[in-house]
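What follows is a set of structures for review.
Presented sequentially are two complexes of chain A, the first with chain B as partner and the second with chain C.
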Partner chain A sequence: MIIYIIRRLLYTIPIVFGVLLLTFVLFTLVGGDISIEIAGKGASAATINEIRQEYGLNKPLFLSWDSQFVNHFKSALTFDFGRARDREPVIDKIKRGAGPSLALMVPIFVGTIIISVSLALIIAFLRGTVWDSLTVIICVAGMSIPYLSFILFGQYFLAYKWGLSPVFFSPDLSMAQYTALPILIGIVTGLGGEVRFYRTVMLDEMRSDYVRTAFAKGLSTRRVLFKHVLKNAMIPIITRVVLAIPFLFLGSLLLERFFGIPGLGYLMIEAIGSRDYFVINAMTYISAILFVIFNVITDICYAWVDPRVSFD
Partner chain B sequence: MTKNISSNCPYNTAVLFGVLLLTLGLTGCSDSPSDEEPNEMVLQSTLNTKIKSLDPISIRDVASSQVAYQIFETLYQYHFLKRPYEIEPLLAEGMPQISDDNMTYTIKIKKGVLFQDDACFPEGKGRELKSWDFVYAIKRIANIKNLSENWAYLDNKISGLDEFREYTKSCKSEEKIDYSREVEGLQTPDDYTLVIKLTKPWPQLVISTLTNAATSPVAEEAAVFYGKNIISHPVGTGPFKLKKWQKGSYIELVRNPNFRGELYPSEGESSDAEAGYLDDAGKPMPFIDKIVWTFIEESQPAWFLFLQGKLDAKAIPKDNWDEAMTGAGELTPKMKQLNIHLETFIEPSTFWLGFNMEDPVLGKNKPLRRAISYVINREKFIELFFGGRGLVAHGFVAPLLDSYDPDIKRYGYAEYNPEKARELLKEAREINGGDIPELKITLPGTETFYRQMGQLLRRYLNDVGINVEVECMDWPTYQEKVNTKSVQIFSAGVTAGTPDAEDFLAMFYSKKKSPGPNQFNYSNPEYDKLYEKIEVMPASEERIRLYRKMELMVLDDCPAAFMNHRLAYVLRHDWYKNYKPHVFGYGLGKYRRIDMRKRAAYKELLKTVK
Partner chain C sequence: MIERKIKKGRSLWQDGLRRLWRRKLVMVCFAVIVLYFLLTGFIYSAELFGWKVGPTQWQESVGKSYEPPGRENIFGTDIFGQSVLRKMLYGTKTSITVALCASLISLLIGVPLGAIAGYFRGFVDEIIVWVYSTLSSIPYILLILAFAVVLHDKSLFGHKLTGITTVYLAIGLTSWVGICRLIRGEVMKHKEREYVLAAKSYGCSNSRIIFKHLLPNVFHLVIIDFSLRFVSFIHAEVILSFLGLGEAERPSWGAMINDARIELSRGVWWQMAAATIAIFLISLALNIFGDALRDSLDPKLRVQ
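== the complex of A and B ==
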């Protein structure tokens, strides 16, 4: 297994290199010259040139040990992403935003999985009944309603009209107080698609011969569902769940914006809006690394839950 | 079997939902614990963009300025009540002594002004302000290592400062820079005198630069102590000091106990006494104990918070216009029942549809540009996109500026006249040697507002036979295109920072073409000569005459179809006092006062209003 993990980790090197090359090409070559913006409104051509020199934008792009790409590569490998456009270290921004983003996204993620897998199991068992049809209709309706509508209605009714939650972040509120409503909205919004997906997965398993055999042998419903069906459905569940984890790091732009949660979703969008390549580069790089790591974890989990999958 | 399932799995799900709803209930039902003192006077405000920095060298955007001006002070400020706007000394003892050649400014600095207490000072006690602190602040802007956006204000203006900037380029690091290196144009004969020598006369020095937070004094101790982290550790002389800044979320300022106790103004406009703006005349400021700004970008939560009384004032969001205002332009009964007041005022801003004068089709075809200008119904545009909250821009100099010509409408440059446009188009086709090719309008946003604006402009131009393509793009891409002269027709605007229109006139000076402020890439040698004359000319009737002459030259050449000036509609709660609109000042927190009794009564009032 260790050799397998090492081999998989070695595969990540060209992937990370590719990500670095891609972000460099996109932001340096396609994105254009940022020195004009940094220089500020009304800056002279000489000032713009000075800034270009200060940022090393006048250096060769690739073919030198002191080229822009080599410096970009070095800073990524050492996780020294420099300073953002507002001169704050990028890594400080990321550290600060990670907490609120995860405080929002982890409960949404865990809540959505538990509720949707549980519901999917029940619905799969009740397949063909009116409850099944009703759930499918509600799920489709939930998937069809835009995310923003859930936020707007949730904030209007639950927070503003009925006073069940604060409308927005406030310095004198605890994190639990100002994240409760966005977490609820996040879970409800995600349920439609998740329940539909897991219902399909469970139905595939419920139609298998081993389920009929298990019931024929007289096993209880709980044992059949949780011991056999759920375990066999783990491969698609793991694929979906583990690969979603790296994206938790990116937060939720809309929930963060509407409820004043200073997370990474907003940081990323703000950086894109202001062409803060230092932040965009760092976020892209960290996301890519996380994605690669969790891909490896997914593969390990496959072998762990399913004896048919071998490390060879 | 079914019973088995329904008694277990749904139970888990229900428990989870229950926990969440309970959390909601608990968080919502209990009034949030507050760390406010019972009688603490807190100003609750909002910012809709994040604060970039609280280091004077980087303060240029509105959000940072709104906060920074409460902490830092400048040599001069705009009077809070007097209109037209007047400059008055703030940290300066009086107005500057200006040499006969208008090249040397001698400024006496108030004695006894203390920096706030901070760990950067010995024993944490703020020391007295000295003239060197101003010199140091200006040299920090010049230092290339700081990459200050504010360098554009000072570039080639102060004698010897550009040489100092050159010197900083040769230094390997910030630590190696010797700030005591002499700069001829920045001298401190004693601790309370600052002498600024210019490279050429600069009449805007006081009204624009010395009122700007960029030039506020910086204690060298703070810059050395905090290093690059000074962006989050402002140390000023102003009425407030930073208590807490949760970046991207909120910022909290509290009274600076070292503040010298500036007095509320006793003079203003004739109507100020009746409006209650002179009730606090002669009293020491500030009145409030704390200012809290919450960063809220979306209008819906900000509007709800305002109605809940958790924000003291709020510009009316577009989507909530009907809830706040009647068709007759008055507050709705609900707003009146809540004792909400409306403040309306003109913003010194101008928005336009610009033409790139280096474009081969538009640049040499004045009739075409004029035709496009005549074909736009500006009144309809303002009604559709701003709910009528705007004025037609008949010229580019914004209202409230000294040289604004209130009768500029008589020249008819913003007239809606499709017939005249069609006539001009015939001429335009002759100049072009055939039909006008499809033109491209570039808009600085992808949201509905810009897409709808594009549709309206396309319809206007199509009506007279001009084909246009509209491209909507994000702000950075748009800026890049404008800065590299890659646009044909573009939408933009500007808001004045001072009552002097020199900034507006600079937008048409040929030596400031893109990426400079002349985004039209307009070039007119006669205009340039006049600009070089007024640039160094002190304020006078003659200068106003020249300003207006230059404006007409531009309007006649039509490098842009000037569209509108903005009107602001701001709602404020009854308890928010001394809220006189001020378009050139940011350091207004010290004047504000909160009627705590009225604020406390609002919760009850809110229950009675549906």
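== the complex of A and C ==
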């Protein structure tokens, strides 16, 4: 088991290397020198030079121990991403944004899983009835409504029109006050796809031989569902759940933007607006690292839940 | 004498399409999809041949702004007095073009790479798997945004990348991973089958085996995958345009929603409603059609 974990960890090295290579190509080679943009219109050559110096953009691209290529790797491995365009260290911005993002995303995440898995179980119980088809129709319709419309109409009616919640974030509100509506919207938007996914998972399990055996033994439907099906459906559920966790870090770009919550999604949108490659680069890298780590955790979870998974 | 009826064999495609034809709802969805494509084609030909279909400048005032929906304008007018209905119809062109080009790019990258990786295995396979594992370890939306930000206003082979070109490049270059993985897995399975062995034993070249024998046998999976992926391309286009990384000169649904963000507080809901309806209809049609296509073409599901 230990050897399996170590091997799995070693396997992440090329992926991290790949991500760093990709971000280097994107932001340094393709993105190019943005010092002129940072300096603003009509800046003197001296100012531009100063900015180049400050961000290390005047160094050679490759072939030197102090090249941009080497520095890109160095900064990523030490988690020191330099300064953003407004001269604040990128890592400070990210640390500051992580709290509000998590406060928003963790309830959405947990709420969506609990509601969608239990709904899917109920539907597997009622399979073939009108309720089943009705739920599928609602799910498909829900998946087809654009995310932006959910947010905008939710904000418009619930917050602006009926005043059930503050429209925008403001620092003197408590966390529960300003996150309640975004959380509700986040959960509702996700439900369509999630319920449908878990329903398929449950129904796939319902078709397997052990379920037939269980029914043949005379077990009640409820017992078969909760005792057998749910346990066996855990593998796809775990995969989906664990692999979704790193995406929580990013927060919900759009929800945060609409409600003005100063999280990482908001930071990202701001960075896109001002073409702040330094921030986007750091966010890309950190989320990839998280994804890789959680991927390893999923594999270990697999080995732990499913005795059929071998450690080779 | 017993007369024996000889049942003519039907191919996977004939069989699948017959099943689809019987389901009326699916055919309605298919008609909706065709309608969107026809509309796109119509707008392109109108631009190409210079047919007069209303004002061509979108940022120019042509009438009373924010007129509510009525007899003259079904969906009212926007700040410039432009008909929102027309904007919605023109937005179709932007979305369908982006989704089509993005599909094409990701097919052209994903299918050959997946087939090569699955067929040759070894070192080539490892490199390709490494590339797509790297891409898929970055959250999809972040990856698209990073590509779009970097590509925005860059020039490629002397062409300046503006508007929708950036959008479909960003989407296409980032979303070939799924199809590549799918094709690689299928090719690995099919490689061991008798027909491939037979082709090998007559001395077919590797490229002939891949393109003439293997790919046609897995291609229905590509179609199924893309009918469902198309929806996500449309939604991605809407989000990119909304964030200002897409089309700026011509109407797009994302930009309409962005306008509506400010308008809603003044009670101007029609632009939002028009964009939502347009996106909702095509997504619903594609979702239902894609599911039906999968049910009727995927042999694994058909047995039950």
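In the analysis below, the second predicted complex is superposed on the first by the 303 of 312 C-alpha atoms of A that agree within 3 Å, B and C clash if a C-alpha of one lies under 4 Å from a C-alpha of the other, contacts with A are read in each partner's own complex, and residues count from 1 in each chain.
Methods note: contacts are C-beta pairs under 8 Å (C-beta built on N, C-alpha and C of every residue); 3 or more make two chains touch, one makes a residue touch a chain.
These numbers were taken from a predicted model, which means no experiment stands behind them.
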Combined model on chain A: chain C and chain B, fit or clash: clash
Between chain B and chain C, more extensive residue contact with chain A: B
Chain B versus chain C as contact partner of A:R240, first or second or both or neither: neither
Chain B versus chain C as contact partner of A:N295, first or second or both or neither: second
First, second, both or neither for A:K59, with chain B first and chain C second: neither
Partner chain(s) touched by A:L152 [first = chain B, second = chain C, both, neither]: both
First (chain B), second (chain C), both or neither touched by A:I48: first
Chain B versus chain C as contact partner of A:I269, first or second or both or neither: second
First, second, both or neither for A:R8, with chain B first and chain C second: neither
Contacts of A:Y160 with chain B and chain C, given as first, second, both or neither: both
Partner chain in contact with A:R127 - chain B first, chain C second, else both or neither: neither
Where chain C runs into chain B (options 57-65, 129-137 or 273-281): 57-65
Chain B and chain C footprints on chain A, overlapping residues: 32, 152, 156, 160, 258, 272-273, 275
Residues of chain C defined as touching chain A within the complex: 130-131, 133-135, 137-139, 141-143, 145-147, 149-152, 154, 231, 235, 238-239, 242-245, 253-254, 257, 260-261, 264-265, 269, 272, 275-276, 279-280, 283-284, 287-288, 291, 304
Interface residues, chain A side, partner chain C - complex: 14-15, 18-19, 21-23, 26-27, 30-32, 140-141, 143-149, 152-153, 156, 160, 207, 246-247, 250, 253-254, 258, 268-269, 272-273, 275, 277, 280, 283-284, 287-288, 291-292, 295
Chain B residues touching chain A - in the complex, by the definition given at the top: 1-2, 4-6, 8-10, 12-13, 16-17, 20-21, 23-25, 27-29, 32-36, 50, 52-53, 55, 58, 60, 144-145, 147-153, 155-156, 165, 169, 228, 231-232, 244, 246-250, 252, 292, 294-298, 300-302, 304-305, 307-308, 310, 474-476, 479-480, 483-484, 506, 512, 515-517
Interface residues, chain A side, partner chain B - complex: 32-33, 36-45, 47-48, 50-51, 53-54, 83, 85-88, 93, 96-97, 111, 114-115, 118-119, 121-122, 125-126, 152, 155-156, 158-160, 162-173, 176-178, 180-181, 183-184, 187, 220-222, 225, 257-262, 266-267, 270, 272-275
